[in-house]
Amino acid sequence: MWEVIAFWVLAVLAVASGIAVFRVDSMARATFLLLASFLFVAGEMLVLELHYLGALTVLMMTAEMAIMAVFMIMFMMNPAGLEPMEMVHNKRGALVISVAVFVALTAAALVVPWPERAAPHPSDATHQLGEAIMRDKMLVMMVVGVGLFATMVAATLLATARGRYGEHAAPSRPEPSPHAHAHHHHAGGDR
Amino acid sequence: MDLISALRRAAFTRPNLLLVVAPGATGPRLAMERFTREHGWSLADTAADADALVEIGELDEPLTAVAEVLWRQLPRPAVRLSLGDEVGVGEALARLPERLRSWRPTDEPSEEWPEPPMADRAPDRDGLRLDVLRVPLGPVLPYWPAGLRLVVDMQGDVVQFAEVELLGVTGRTRPYWTGETRSAARRLDAAARLLGVAGWTAMSTRCQILRDRLLAGGTGTFVATEVDRLARRVRRSPLLGAMLRGLAPLPGLGDAHERLSNWLAEVARASTADEAGPPVAELLNVLPDVVFGAELSVVRLIVASLDLDIAEITEPSHGGISHG
Amino acid sequence: MAEPAPMWTVLVLPIVLGGLALFAASLNGVLTAVASGRRATLAEWAEPLRASARLLVRQRRTTFRADVVLRRVGIAGIVVAALLASVPTPLGGVAVADLPVGVVWFNAMEILLWALVWLTGWGGNSAFSLVGGYRFLAQALAYELPLMFALTAPPLAADSLRVGAIVQAQQDVWFALWMPLAFLVYLIGIVGVAFWGPLSPPAAADVAGGVTAELSGADRLVFLAGRYLMLAAGAAFAVPLFLGGGQGPLLPAWLWSLLKMAAVLAVLVWLRRFSLVRAERLMSWGWLVLLPVVLLQVLVVGVVVLLRG
Amino acid sequence: MGWYVPVMALAALGLALVGATYAIGLLVTVQRRPLVTPPFLAGGLPREHAVSRFHVRWYVVTLLFLAFDMEMVFMYPWAVVVAEVGVEAVVEMFTFLAVLLAGVVYVWREGGLRWT
């Protein structure tokens, strides 16, 4: 009984904060509403007694959303939403697509005849997961490892301008005070 | 209700103070630091945590404007007082808790403030155009030289441009650190500030205590041995070394770590050269170049490591020097 | 598998953790007093209570166009995160809930500070508090991975992520004795999570208090309390993880737990006597020293587990 | 679910304590109306809103962190099965970690850990 109530409350909160992501102007608010949505999903997993996956979702998503906020605020105009602006382009199209996808996924989840559980509930799902990773899913893990290494190298290559050659490869100091005038007109060119 | 009034009484036995110090008003500043240390009061890091705004020395027009801004930023209850010289410091401060307790809300209207625009962009080291914040460092910051304002342009927390403004230098400004004893005390004062910025507060306080002993005519040998012990600990701290080594190396002066070690060594040897290092105007000239491209915490350390005494610039005509 | 403890433990946890946090704040005050040449009187020990009264009496303050909602989430969230992080921490043998993945749970709760501290800094629309918030993230990137690996060492030795099982596995010898590097790296991580001592640049004086720069009144009180609670929660969790939980002669188990928690906390508070670490240095040390060191430690623990099994 | 009833009670209690602190503050404060002020800028006034695009210099490290962090997904379940699976578990995991550490060394050599 309580499980069902908790499940539905969390579900509604997760979807509601997901929708709210697109209703706010501030990048900070949008990012952390998305985090809230993930945390509610983590709550669902905990209700379903998936202890490890639930805690792991909190663990991973918090760090990742904090980093995402860093990038959103670094690159998006008007990150605090202090000036009114439209966050979504092609609003109608986006709405149609997202509603259609949501309905399709929900329908699939409800309509598909899920198989009955054959084995009994594992006494310790984390342990089972560890066994899987270390025995028959070993190859998957190794591929992931190489993939992560490739990610590190590729990301660094793409993101660093200077590299190991230090200051010599760095662009030189910008002209002093180029913005002494720029401060007077505060509507940037590409706003 | 009695509980509430008891709470309010207890609340202000140890107020936090925010200082606006005129260059050269070092005497009353030291008296005030000593009072707060001995009575367990604190100096506030920011207006939000201050109960009292203390104006020390004679404030000129720009510094008065600074005090005005800060006064309106202090949460209530708040008290404002000004201290001219070291004689009345203890008395004026001792009355502070009572003044805070007797503060009553007035129906002052909400303050009107101008709304700033969004940040604009400027070229960046990495070849992008990014938002710039123009942030004044000083004149009112913890461990900051009196009368100095370093206006910096920051992209993120990295300084891309800096310019120096001097506040509070009038025709009557006189440097405080003259004579042998005071020159030695000056080294300890500078060390206290640099250690404070570096976050080694216990050691910073120790420097202040020794500084005050020296100025009070403490016996030279005792202070010298104490300073010698302190100097050794400072020199040997690997953490502090990692913090300060390699920062702003200047010809003849070494980097920030060497400068700190030298100050303490001079006091320990009791042989302070009266003319130490280049004049402050020269240091202020190179400052914008030295802090270019540095992270904010490094900028703070560099400024503290230069021991800038603005009062040494006695002509008010310097008031507007700025550099590109 | 164990059952959740009775509900009264929910009321005990805030009292114990609050008491530890108050002890930390008092000790901090006394250390400041002694360094300033004053005597450690009773008044100095009671200083945090007086300081709290001061903050309650003072006017609250909000900055122009601040994001009040986000800021409030950040401030209040730290208190809640610290309490929740302590859910699997047993006092004696009793925890609020000896969760099946207690260690991961603690990890998940302390990492919430990534978001919460940053939000407090961002919410103020103030350059100094913004810099403070970003400094926290920069530091977190350096200490968080070593901290996580340090957290895996005790479960590896105990074959379980459940804190109760980890305590039991230390019946013969405390983990701190044969995995000292993991213990050390864990403590460094906790100092980072609570941005304390050498890792306090997010709230340092050089940026006018950083994330705390715009806080006054009750806001400031709740934020500072949350920080001490987080420090206390980290110190408390070290006890079941590395120091054998409530094990010890003569005294009851809950008292042993409490004494050990207070001792670890005192060590953490004492770390304020060191100078700050610059974020850039910390970044190199975290990735090039702490991470390899803690991985080596985990390897050693793994080999011991193999030899034993 | 039973596990998380006390957890939720504790979260509610924590929020109630925070709320109580604010309520007591309202009761005893000398000035209930909050002060609205520009941010503290060492005695200056802001030239622009601080919440602008904040350019972090350590973004390379965030990418490194995200990649390495993924490893924790495997690490915790691994820790509880080492005794059972035996030598191969340790060998496999530390091969995996060695590959990742090589990535860290690469990023360090490329100067990705510095930012000024």
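Each chain carries a letter (A, B, C and D) given by its place in the written order, and its residues are counted from 1.
We adopt the following convention: a residue touches a chain if its C-beta (ideal position, glycine included) is under 8 Å from a C-beta of that chain, and two chains touch if they have at least 3 such contacts.
Not measured: the values here are computed from a predicted model.
Taking each chain's centre as the mean of its C-alpha atoms, the one that lies farthest from the centre of chain B is A. Chains C-D form the pair with the most C-beta pairs in contact.
Centre-to-centre separation of chain A and chain D, using mean CA positions: 14 Å.
Each chain gets one centre point, the mean of its Cα atoms, and the points for chain B and chain C are 31 Å apart. Separation between the centroids of chain A and chain C, computed from CA atoms only, is 26 Å. Of all residues in chain D, those that touch two or more other chains are 3-5, 28, 30-31, 35-38, 40-42, 46-56, 62, 64-65, 68-69, 72, 76, 79-81, 84, 89, 104, 107, 115-116. Contacts with at least two other chains are made by residues 7-8, 46, 48, 75-77, 113, 117-118, 120, 124, 133-135, 141, 156-157, 293, 295, 298 of chain B. Annotation for chain A: residues touching 2 or more other chains are 28, 51-52, 56, 59, 63, 67, 70, 80, 82, 124, 126, 183, 186.
Viewed as a network of touching protein chains, the structure reduces to a complete graph with every chain in contact with every other.
Those residues of chain A that touch chain D in the shared complex are 2-3, 6, 28, 46-47, 49, 51-52, 56, 59-60, 63-64, 67, 70-71, 73-77, 79-80, 82, 124, 126-127, 129-131, 133-135, 138, 141-142, 144-146, 148-149, 151-153, 155-157, 159-160, 162-164, 166, 183, 186. By the touch criterion stated above, chain C contacts chain D in their complex at residues 3-5, 7, 9-11, 13-14, 55-65, 67, 76, 79-80, 83-84, 87, 96-97, 99-101, 103-104, 122, 124-130, 134, 137-138, 141-142, 144-145, 148-149, 152, 155-156, 159-161, 208, 213-214, 216-218, 221-222, 225, 279-280, 283-284, 287-288, 291-292, 295, 299, 302-303, 305-306, 308-309. In the complex of the two chains, the chain B residues touching chain C come out as 7-8, 10-14, 37-38, 40, 45-46, 48-49, 51, 75-77, 113, 115, 133, 135, 141-143, 154, 156-157, 195-203, 205-206, 209, 237, 239-240, 242-243, 295-298, 300-301. Taken together, the chain B residues at the contact with chain A in this complex read 117-118, 120-127, 132, 134, 153, 160-161, 163, 292-293, 324. Across the complex, chain B is touched by residues 31-33, 35-38, 44, 47, 50-51, 53-54, 56-61, 64-65, 127-128, 131, 134-135, 198, 200-201, 204-209, 212-217, 220, 272-281 of chain C.
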